[in-house]
Amino acid sequence: MYSLNVRDHFMIAHSFRGEVFGPAQRLHGATYVVDATFRREDLDADGLVVDIGLAGTTLKAVLEDLNFRNLDDETEFTGQNTTTEFLARTIFERLVAAIRDGRLGDGARGLQRVNVTLHESHVAWASFEGSV
Amino acid sequence: MYSLNVRDHFMIAHSFRGEVFGPAQRLHGATYVVDATFRREDLDADGLVVDIGLAGTTLKAVLEDLNFRNLDDETEFTGQNTTTEFLARTIFERLVAAIRDGRLGDGARGLQRVNVTLHESHVAWASFEGSV
Amino acid sequence: MYSLNVRDHFMIAHSFRGEVFGPAQRLHGATYVVDATFRREDLDADGLVVDIGLAGTTLKAVLEDLNFRNLDDETEFTGQNTTTEFLARTIFERLVAAIRDGRLGDGARGLQRVNVTLHESHVAWASFEGSV
Amino acid sequence: MYSLNVRDHFMIAHSFRGEVFGPAQRLHGATYVVDATFRREDLDADGLVVDIGLAGTTLKAVLEDLNFRNLDDETEFTGQNTTTEFLARTIFERLVAAIRDGRLGDGARGLQRVNVTLHESHVAWASFEGSV
Amino acid sequence: MYSLNVRDHFMIAHSFRGEVFGPAQRLHGATYVVDATFRREDLDADGLVVDIGLAGTTLKAVLEDLNFRNLDDETEFTGQNTTTEFLARTIFERLVAAIRDGRLGDGARGLQRVNVTLHESHVAWASFEGSV
Amino acid sequence: MYSLNVRDHFMIAHSFRGEVFGPAQRLHGATYVVDATFRREDLDADGLVVDIGLAGTTLKAVLEDLNFRNLDDETEFTGQNTTTEFLARTIFERLVAAIRDGRLGDGARGLQRVNVTLHESHVAWASFEGSV
């Protein structure tokens, strides 16, 4: 299996509801450094996992929709705790949609799996990996 | 598959027996920076892989039993080379026991896999991953 | 010159006022991974720059006052853009006050300089360094 | 599954052919920081994944054949774009050959999988993982 | 003293002349991960060391002039070994010129020192620091 | 001022005497990842801070004298707490001696300052910097 990873980041405010979250029930925020990893068994006709330029610009576009926002105010997340693991899956789904829409190029239609990891500090991260 | 990782560290002395270990047969030591990664297919009722606070305190408790010790003097390791890969599995087993004992909370009973990685320098690490 | 560094982190929400800040004028947030570096020409009577245990617990206490908060709501910062460089100086001043109050131990009274660096992503950080 | 990783690096020049590569069609170069990860279900008779000393010297020997070279001039790569993903597989195959030749020791014959990751910057890496 | 750092990278080919360089006399290449650090005693009118957006785009522009090139073919470097330390100073001088030209904004005219660090692998880096 | 850094590591056992050290009074150990930074105002005749090959082999030789040892048994450290800050200075002095002995080459006689940083975990490091 081949993998290719690109990294970027976004910065948001949010709060959580539920006693399990302790002080994180208060409005706070996070920088998420994001690793998007694309996987496939065989390379495309150009000998690539994916065009790394398109992978980077697509990841940046997906993160721009979240960047510098208070996620508590975003209607798409109403009633949802925007935990790191939830956001990893959200970004995964948007990258998979981009692959299917051809935004990562025709070669990218051969991608088989995507992993999205959100590093929230030097000691904690969460990820979601699934099939395209 | 969702994953969530917490990081901590411990510092021990030990020595190895066997020619394959070369100068590491002498009493020496190591800092191990430990990544404990918890995995499951679906999130718990709180929308989490595991309560990250409990994950962190449980990892710290497991490492405290080893921290600032000479592993050559610990009776539980008598006759055992405490290699990085062996210690990764030891910590894995103790985390799995903690999950089963409910020390990571009821939601954590849905955890399916755990990975424990011990970074012993900027160029070497070992890990063990298995089912809960 | 000897230096000793301890690392911790905190997570906050805030917004900025002024066109120079662009989209960061919206309420957003950040994880700051904080390096607190203590410096002196000569070691203390115990052969230390500072008791690393006290250094770590003092840094954690200073960061706890900021952690999981919306800085826009904190009266101490009213009318102030809480930029990374401003927060680096704020934490510097609180650590210097702790040194003077003896919270880092008697040996720490010999500390001469402190550097506080706030890493806000994998590509950006800011710091403040000054005399005790 | 146990894993053990050793890290080293090499520095090469090369160019790519094909419009998808944009400015990388010009002769340029890269530092590749290489992680070679060896995996197996059970440890060998010495309680190891692999002799870490032999793993490190074998990785260094494999990288030395590429180090400080212009890959465009190497006949083994004629007509081949030496992308990061291609080089990851090339190094994987050479490590697998070394395992089969006994260069990592008799215990290493029990290795089941190898992963080779090439970090080309702070934001991009590619890897290949396969069976021995 | 306040500091603010932005990070980016570039990838080049080059060779060195002189026996001291050993195998690096052959045409090879490198990825340089670049940290540009801006320093001043007091913040500007916006409470900043420098507009981080302009700092990042200026650094990227400076690196674009070098990126994906064979430095042996660049007439500005004729007869010059483009060592990591030399390149650090070259980028330093171009950033200082940008500051003086106002490309980092009016506030940046108060910058006092700049440090440029080029990381060439996980084990080596070089830097140049000087006054603006 | 130009700087050039090389990184290596060593692994030792030791214990500390004094209540301030708490559980670290027990025999334990550490991996120290070591950054040796060489500084000078002007480059040597080859356009270098120092021959990076000689810098790396000299650092490795200095660390080999400590590597895989129990520092409590080394007569040179009798009655001395081998704290991270003390070890940073010890390695600094040995590197300065090597410079003066010509082991880093004739060009290295122009070196003006050396910094030695010992990273003992992902959250703590200590350093010593002084003139040659």
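A, B, C, D, E and F are the chain letters, set down in written order, and residue numbers restart from 1 in every chain.
The rule is simple: contacts are C-beta pairs under 8 Å (C-beta built on N, C-alpha and C of every residue); 3 or more make two chains touch, one makes a residue touch a chain.
Keep in mind that what you see is a predicted model, and the values were worked out from it rather than measured.
Asks: Determine, using the mean of C-alpha atoms as each chain's centre, which chain is farthest from chain C.
Replies: D
Asks: Return the chain whose centre of C-alpha atoms lies at maximal distance from the corresponding centre of chain F.
Replies: A
Asks: So the centre of each chain is just the mean of its C-alpha atoms; given that, what is the distance between chain C and chain D in Å?
Replies: 41
Asks: Measure off the straight-line distance from the CA centroid of chain D to the CA centroid of chain F, and report it in whole Å.
Replies: 31
Asks: Report the inter-chain centroid distance for chain D and chain E in whole angstrom, where each centroid is the mean of the CA atoms.
Replies: The computed centroid separation for chain D versus chain E comes out at 30 Å.
Asks: Give the residues of chain D that touch two or more other chains, as numbers and ranges in rising order.
Replies: 7, 122-123
Asks: Where on chain C is chain F touching in the complex?
Replies: 1-8, 43, 46-49, 51-53, 56, 105
Asks: Give every residue of chain D touching chain E within the complex, in rising order.
Replies: That would be residues 7, 9, 11-14, 23-24, 26-33, 67-70, 73, 119-123 of chain D.
Asks: Flag every residue of chain A that touches chain B in the complex, lowest number first.
Replies: Interface residues on chain A, with respect to chain B: 18, 20, 22, 80-81, 83-86, 88-89, 117, 122-130.
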